[in-house]
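The two complexes that follow have subunit A in common; it is paired with subunit B in the first and with subunit C in the second.
Then we have the complex of A and B:
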């Protein structure tokens, strides 16, 4: 049925397996205001310096492990599949391929997730592929992949609402899903994001209410608190940053990462049966 | 452990033994309220209308995005010819089953089940008679176009049931910024939809009202909804309503899906019945009656406005 849709001059159907609009339109949020009025002052919430994470696990039935995290208005759902048959590749060393599990991460925004950019396409774009690559590089060092030779683990991440600090929330959610799946880890990985709006000189902690997302530069830091090691860092800037600027951003991210680590650890302890709560997570 | 082993080795006999003792393992079998489901409306800020439905272990998130399209008479006729009535009315509906919801779905193009689900949803909405396309009119040359995206968060049977529950709730909670269209010469404003106020602005094109006023177009007629109720018929004798994944996969069982529409000023009626397998006509009639009862319960429960 979908292939029988007439192709008009206004539509370039890139996705042939789904229903597409007959005519491309303009998102109502992107329409200008009537009467050349300036955009009204943001009536969003006051920036909350102490936003808390809300964790939930075992939301998805048919998976090994799953996690759901809300940080302000940002909502992320992750699920873990595996261990399963590894993918064969002629480019990798067969010995190395079989001695450790392969971790594969998929990251996708729901079509209605974005607060700013309008409807998100079902086809993954460069931003989502970069985020998936960052998640994979960040989480792989924290997992005991050597304990699962000749296997593959898939992590699927779905962002239901992106109101800021999305990538850091995805890291926290992915860590929760991996723990729920029972995979051995060296430490919990938690993340935070700082951003610097256009024209500003100081870094601000990005919150999940859309008040300060979309700045000119941002730094996302993933941190393992117990090991005191940085698991990953992603710098996105319109212009090159000085090393001291990046260092300053990392120092600001460290405390929120530690607080999130404590919250996540306490949530996982509370999930244990009462008899097992005396065993502490390393 | 013995029960789990028995279920693994002979699921059909295990299910029959449970049914003989009036037992079911489905999460939706616990109580009538669980068979009706639960809906959380307006929970996703990125969408103009949104809802998350929970039916047992099956969860769907639905978001509605709106855009404004400029129509020309020739373009409208050419585009509407031969396409689905829902698309012609300006509603683009897609149901997605991403890998996050189940191990059965892989990354990449939508699976056959996802495409079939999209077609089922589109047909049910188009044939329901509950859609009011006139609410999408914005002035004489523009129209709202709705993108309805239903994403599965957890798949455990009765997917059309949970999907339509979320879609109905999201359409009922649609909230858009009020739009302003400049008045054309000789244009009669009395036929404009309730979402339009005309001005004498020199420029053409739709604008947002500067006061930030919002309105709720009644795309679904007030008090109405489109609901699906799934049944599994075993041995033409026993009927399981709102089955979970294991019950749907029972060998030799027939799956009956009844689509109902109505509510408010519209009488509740059966829109269509889809069947996989064979079931006696008496059993199908019983399914239709129970589906109509469940429709009324949904309107009074999770979809109550």
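Then we have the complex of A and C:
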């Protein structure tokens, strides 16, 4: 697939190694930018209170599957590698432990990604490790890991810009990448975050417009709509919260999760006619 | 933990009948011991053993007036800085060490997860001087977070001045596991490997949540998750009573 050019070739000095085509020759420069009208043309622009998701798949060429999601200004890119040889440790039992695939999630903010924190270090820090384990716990219930024994699946999640609602967007993007990789799942996992500044009473949906400052409590819920099950829940409290407030916040998250589920599902169905495999079957 | 499938099924089935493998009730904690003031160079220290899980915590308060003056950006002398009545608020810095268990990736992952949870537990706590909480895991048989939070909060109760403690209640963790249709509390290592999902709640002594997270490779229904949160809050309040009584007895 990659053209092998000799180094000392007397040709025009074009950048031949950059892939300008995404899927079936669509030029990257022709894609609308975030902030313009999103992909489904029937949706309104910024008049709607909630911002729309922008999905794209197969962005990274050399991976099994990849997904890219924009939610407002927040941009997350996920790529899936595998199935590959499992990691062996001394404690791993040869029998039962390897009846399922191991899912390993790596989560990283790009150095330029954060609006507030300035330049982020290129080594994962505590927040990123916590986000990686949250992603792992959230995606594992939905993946059919028992279909791929004695193997390992790696999911690399890179946040290109963090303008709020970063973890929920990463969950959505990881789900898209796993579907793109063709891994069997019980259901799509979608997530949403609600936040509340210190001292306020109402929970607001967190959107990717950079309006959420550091001093607010947030509740992130990852939900599987068809199964009606919670895949993961994370509360980051800036002040002590009553238990019923946390339960109420989880309930408020349910609707945005369902809407994201519908739009992701519709996007995947719309991708089908352009898919090579389906064309060959037909 | 190496468990065969029949052993796993045995633990699962007996928990469904509300019988745990060590004979406890489903919502009962193991015998716990709390020892205070073991280390002489720490501001305060505590050791908690919950069954075989053994956690040693040291709390050090760096009360270096020179450092505080630099952080406040004052140009006056050290004495003038100490006389200023503005407390610079520092978050509590937590470090978890699992090296006594071994140096494999599983132990490192355990330490990382515990550190992330405990940092989020003390996120609301602000101290005028930097406070370092170092948690050393001496033995592990499940339920690390609850034991570590008891030890760290007991040590912080000894280390911090009473004026600070009255304003900010110190939180404790309670972890509730779900095995099948039963909830259990204070799971040992075998039960943890059978559990599908767990909810860890950090609760202060007023019954309010400061941290809440679901973990594990299973999913939960909304009602189950809400029930587990409520159970966790109840158990954490019970732990608060016990810890307060123990610490008061020592003082």
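As a working rule, the second predicted complex is superposed on the first by the 218 of 282 C-alpha atoms of A that agree within 3 Å, B and C clash if a C-alpha of one lies under 4 Å from a C-alpha of the other, contacts with A are read in each partner's own complex, and residues count from 1 in each chain.
Just so we're on the same page, a contact is a pair of C-beta atoms (placed from the backbone, for glycine too) under 8 Å apart; a residue touches a chain by one contact, two chains touch by 3 or more.
Treat the numbers as computed from the prediction; the structure is a model and nothing was measured.
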item	value
Which partner reaches more residues of subunit A (counting touched residues only), subunit B or subunit C	B
Partner chain(s) touched by A:224 [first = subunit B, second = subunit C, both, neither]	second
Touching partner for A:163 - first (subunit B), second (subunit C), both, neither	first
First, second, both or neither for A:250, with subunit B first and subunit C second	second
A:118 touches, of subunit B and subunit C: first, second, both or neither?	first
Which superposed partner A:75 touches (first subunit B, second subunit C, both, neither)	first
Partner chain(s) touched by A:148 [first = subunit B, second = subunit C, both, neither]	neither
Partner chain(s) touched by A:173 [first = subunit B, second = subunit C, both, neither]	neither
Contacting residues of subunit B [partner subunit A, same complex]	44-48, 50, 57-59, 61, 63-71, 75, 78-84, 87-88, 92-94, 96, 98-104, 107, 109-110, 115, 118-119, 122, 144-145, 147, 149, 151, 153-156, 176-177, 179-180, 199, 201, 206-210, 212, 245
Of subunit A, residues touching subunit C in the complex	87, 89-91, 93, 96, 126, 129-130, 133-134, 137, 140-142, 224, 227-243, 246-247, 250-251, 254
Subunit A to subunit B touching residues, read off their complex	1-2, 4-6, 8, 10, 17-29, 31-35, 37, 40, 43, 59-63, 73, 75, 77-79, 81, 106, 108, 110-115, 118-119, 122, 154, 156-158, 160-163, 210
Interfacial residue positions of subunit C with respect to subunit A in the complex	2-5, 104-106, 109, 112-113, 115-116, 119-120, 123-124, 169, 197, 199, 201, 204, 206-222, 225-226, 229-230, 233
